[in-house]
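The structure under discussion appears below in the form of structure tokens.
Per-chain numbering from 1; labels A, B, C, D, E and F assigned in written order.
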């Protein structure tokens, strides 16, 4: 279930990776015994446990609409990071960053799913970061797609729905400009020093679901932006293959 | 201080505007008696009061660094919207949307300012929406830049700094795909029905500070994205002119 | 819509006003595009935006009673004051002062309205201070009355009610003892230094709705109290005239 | 330590009291083993435990000023009332009513004490309602004065201060208009049905510290207000005598 | 209603008590005018006011079950302790200690009551510490039992239930190892210095409801544990007698 | 690193285990890349990730004492349980149960460590439940001991301390009475139906650190309690062996 990038190293990146080289990606489905769908996603040392829980109640604005909903929550274990962070439950509120990320994950998955085919029920995605080495939000999205797929498959198997509502694949990867070079899938060492940082959420049909690109230090230009977008397409191609492998047992593929 | 767009109307947009036509934009500096810098910004019926308050204390991570900081807060009056929303102070917390927007405003302004020239002090930007008809975050950024500029000018006049730290103009505008047409500066009627919605924060030197583009319903493609970016450049050109007018009294221009 | 006090100045008060002289008062109705009723009220440099929002749901204790309810919320923009205050939404709770003031506004308006004539619905008043130079709570009450009146008129026009439920006018003004002199309508310079400070909420039929008078430094006596009450009656007479002007378009008066 | 009012009853009030008759008042000093000053105050069935705790730290705005501070907190036990109320600690915040009352108590006591004679320390008053039958805030003020007096006496005995800083007595009582009659010291049965309700905080030197009078149903007039003020002076005279008794052991009086 | 332990003193304990000697225990029923059941419990200088309030609504998980529920809340007045503690309502949350204790009280009482005989209603116990000298949680349980008994008796008298649901007595006492000696009913001086501290909640039929024993400094062994349990049985025997006296008026005993 | 219990099954327990049979226990040290010490502990399907983070600051009451401190936090991932629970960070507070457990873990570890040998620093233990099948608090304690041991070893290796401060082993296990039989190491199926449930925190030197035993339905007696204690000693013996294996690489054992 693992695709290893060729071992040619490069002096440009702290990890020795070439600019267009992803970290080692793993998607391990069924990582939790109870959830209707789950996936442990790893982008190198970044590890996120994604679960999908089916709730037969929908938010009040969807009652009697016949349509379903997908929502997401995100959290980091206090020592998932290099130095320990405060526990959000102890501080009594989620940070702005946490809320921004969980809104992003939910929005991305809702764009990909046919909410009418899901029926009037809600799927709650939980993305909990066990270890963080940069790119947790992009890893979360790629893994959450697998968890969501299995939860839907579960409904299909139980004949609670008739059509699998997740027809399009969604994956995400970061790109950035690090020491003047456009690089793919930033790890923490790069992320904390990059001039520009972008997250690209893309579909396996060449569509764009969401783009967020930010100049951390100096404004970037159109060409730099387009170079990042091109690298991102390379990166997600690899993840799409691994997602298909992670759902292969159900769809009878190899 | 107002530039009126030509009155040719179009049946395509609810407002009758042509696809590349901005709403009537106004930037009124000195809109608050006490703040070191302030600006009332209007994008049509969207009205945001922006103030810049100088605080001689910096966050602890900058103490003794010689560098300053810019931070932003955002809020909406409960009845700024079509139907009344709950007051965040009464609910006891800021929504994820509020936090996302205020983080965006702060990040955009910090990208434009020379924090060393500001000296070891903090400028707090408050963007309070008096009336909301779509595009509040982009209006807030364009108006906040004017408030921030005047607060810096204030420091310069008092000889507390020697160089105006805000050398580059920053403005923001939204673009979207509405009924298949790429349009500029969405109002609420368009925003709530658009297929795709993007916010572009740009500099007057052709740089990109931040881009956020989201497919609300169906994924978009590269060409659609580039068309939005081109429209955005048209829109901010108009705002840059109005910003210069809003600071003209100090820089001796007309 | 403005009544200017005669320009005779006095050395006794920081503003040069005579003891019985109000600041310049303005009441601008329809200050918000969406609210069912609204009014921008100014007492000199104090500016409060008041909106009235109709909600067809009443609090649970009034369900099936046939009676309505009026409630109020109050807030200050962070930089409405001379130096910036923390944003209550960011701190996560409303201060005791805020709660005290919004309870006062709600109580005052409920005393003036016929809740049975309003029908089983709720009107929510929002008073947001854009700029504060003393007397924000009294300005809020006088302006909220106008916003509430228009919201009721709106119901009447739509034939949702048959009798305008607001038959009595309510206005408020502060009085105090400043450097031994009893003065009307204190501004911030006086308020922060006054020996005694009182708020008087009165009706246009000589009734008293609420009186709060506090010795800030030394206790006061009955005569001083009565002198403040007499001045307050002078002050509200002026406001009652402006309130009538602010509702004149609807009642066919000039 | 108890003054019993004459037993002549009246049909006008639920309790059978005459209009100008107080409930049975008790002030029991030293009601808590640990506090520097304490008093259990009873106004009939209303019972409030008041403690005064000395804290050698002052709020930051008084540091190095040589002046002290007095602050107060108020709470009700959940079943102090006829039907159980939610516990504020469990709900996670103090109600607006609680905050309003504790601000009132603190303000009243600060008006009476010489903060310079107290020295740079803070006295924290806690008023906890064990049983509530109307008038808890007025009982709290009268009892808190005794607790505060003993805490100051304690400082004097320890020679930490040289002058007792509490030279004036402060007591409070409610008055109201009940079924058209002006009555003194309302109990719950009257309070919940009164047309008008006022709280009077007065000194033993004929001064007024604070007056709050509110029309619950119909506005009141000047004469009614003055009648309430006259009754209040009768009521506090009785309390002043009991306060002197409660501090008699220290001042060598009977 | 009081049993005094023999006055033989001992040099081993700060209070001079013998190892197996309880403090003076008092249980005063009907200590609150409004509650359906109440008891002021004193273990020496520790004083806790316990009330039982009947609520005809049960938690949702018991609706239509025919069964009732008992729940408890615990609080300390800020100056119940030697030095003043923060008020939990002001801090905005209950401490972990408070929650632990109130969960313990509720659990203990639910173990003793026949929830089916109680019928589909809830009894809410409030235990508020007026003065704390160690052992507040054990005092609270012993007193809460009396309050709960009277609330049930109240239901029986009103013929709302047919069988008194509280057939077994529950009382609690602490034991500990203090300077190497196993002692009963620790006061604050002992509690804060004990090597081991345990709370024993026992029934009058030799049953154990809950045991919590903690090594504060060094681990203890089985024999030490059993010695504490034996002392605890002695202590509760005394409390059971006082509980019977506190309910005697209803059961016609002396 | 795994000891498998003999496969003899029993009809008495849902899992087929014999009364005195533990689940399969695993202790995997170094389960987190960044923490100074860490351990993934598994009691059957219960999985808890424990990390130990060194913080050079101590709580203020220990400043300049030369002594260190150990504290613990506990959390459950929302879908660690059979059905999804609310995320505590989203609800804005930790439940009473969470606080009770994290206080228990901290207390247990502090009893075992020599705080003077640790030096003036704090070790923060985080126990995050990835999957919950009963016994999470006991698993957390056994695993936290390993994480804490490695964090101390880390200090020793860096020569920041001279003596390993954790000389005694601490482990915990639950026992209960399930369908009349005393059983060891309850899983969720047993835990939710047990008559009595106890947690035993014991040392490898026969000492008791903490005992909590609760009658869920009917009171238990002394013999039943002692039977549970005996079983618990059997259970922890197994865990002590696995703890030694988990630290073997450092202490040169096999």
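Here, a residue touches a chain if its C-beta (ideal position, glycine included) is under 8 Å from a C-beta of that chain, and two chains touch if they have at least 3 such contacts.
No experiment lies behind these values; they were computed from the predicted model shown.
Considering the contact criterion stated above, no chain is in touch with subunit E and with subunit F alike. Path length between subunit D and subunit F in the touching-chain graph (shortest route): 2. Centroid distances from subunit E, each centroid being the mean of CA atoms, peak for B.
Farthest from subunit A, judged by the mean position of CA atoms in each chain, is D.
With centres set at the average Cα position, the gap from subunit A to subunit D is 61 Å. Averaged Cα coordinates give subunit A a centre that lies 33 Å from the centre of subunit F.
Distance from the subunit B centre to the subunit F centre is 52 Å, each centre being the mean of its Cα atoms. Multi-chain contact residues of subunit C (touching two or more other chains) are listed as 92-93. Per the touch definition, subunit C reaches subunit B in the complex via residues 32-35, 38, 45, 49, 51, 53, 55, 73, 75, 77-84, 87-90, 92-94, 98, 124, 126, 128, 130-131, 133.
Interface of subunit C with subunit D (complex): residues 93, 96-97, 99-100, 102-103, 107, 111, 168, 203, 205-222, 225, 229.
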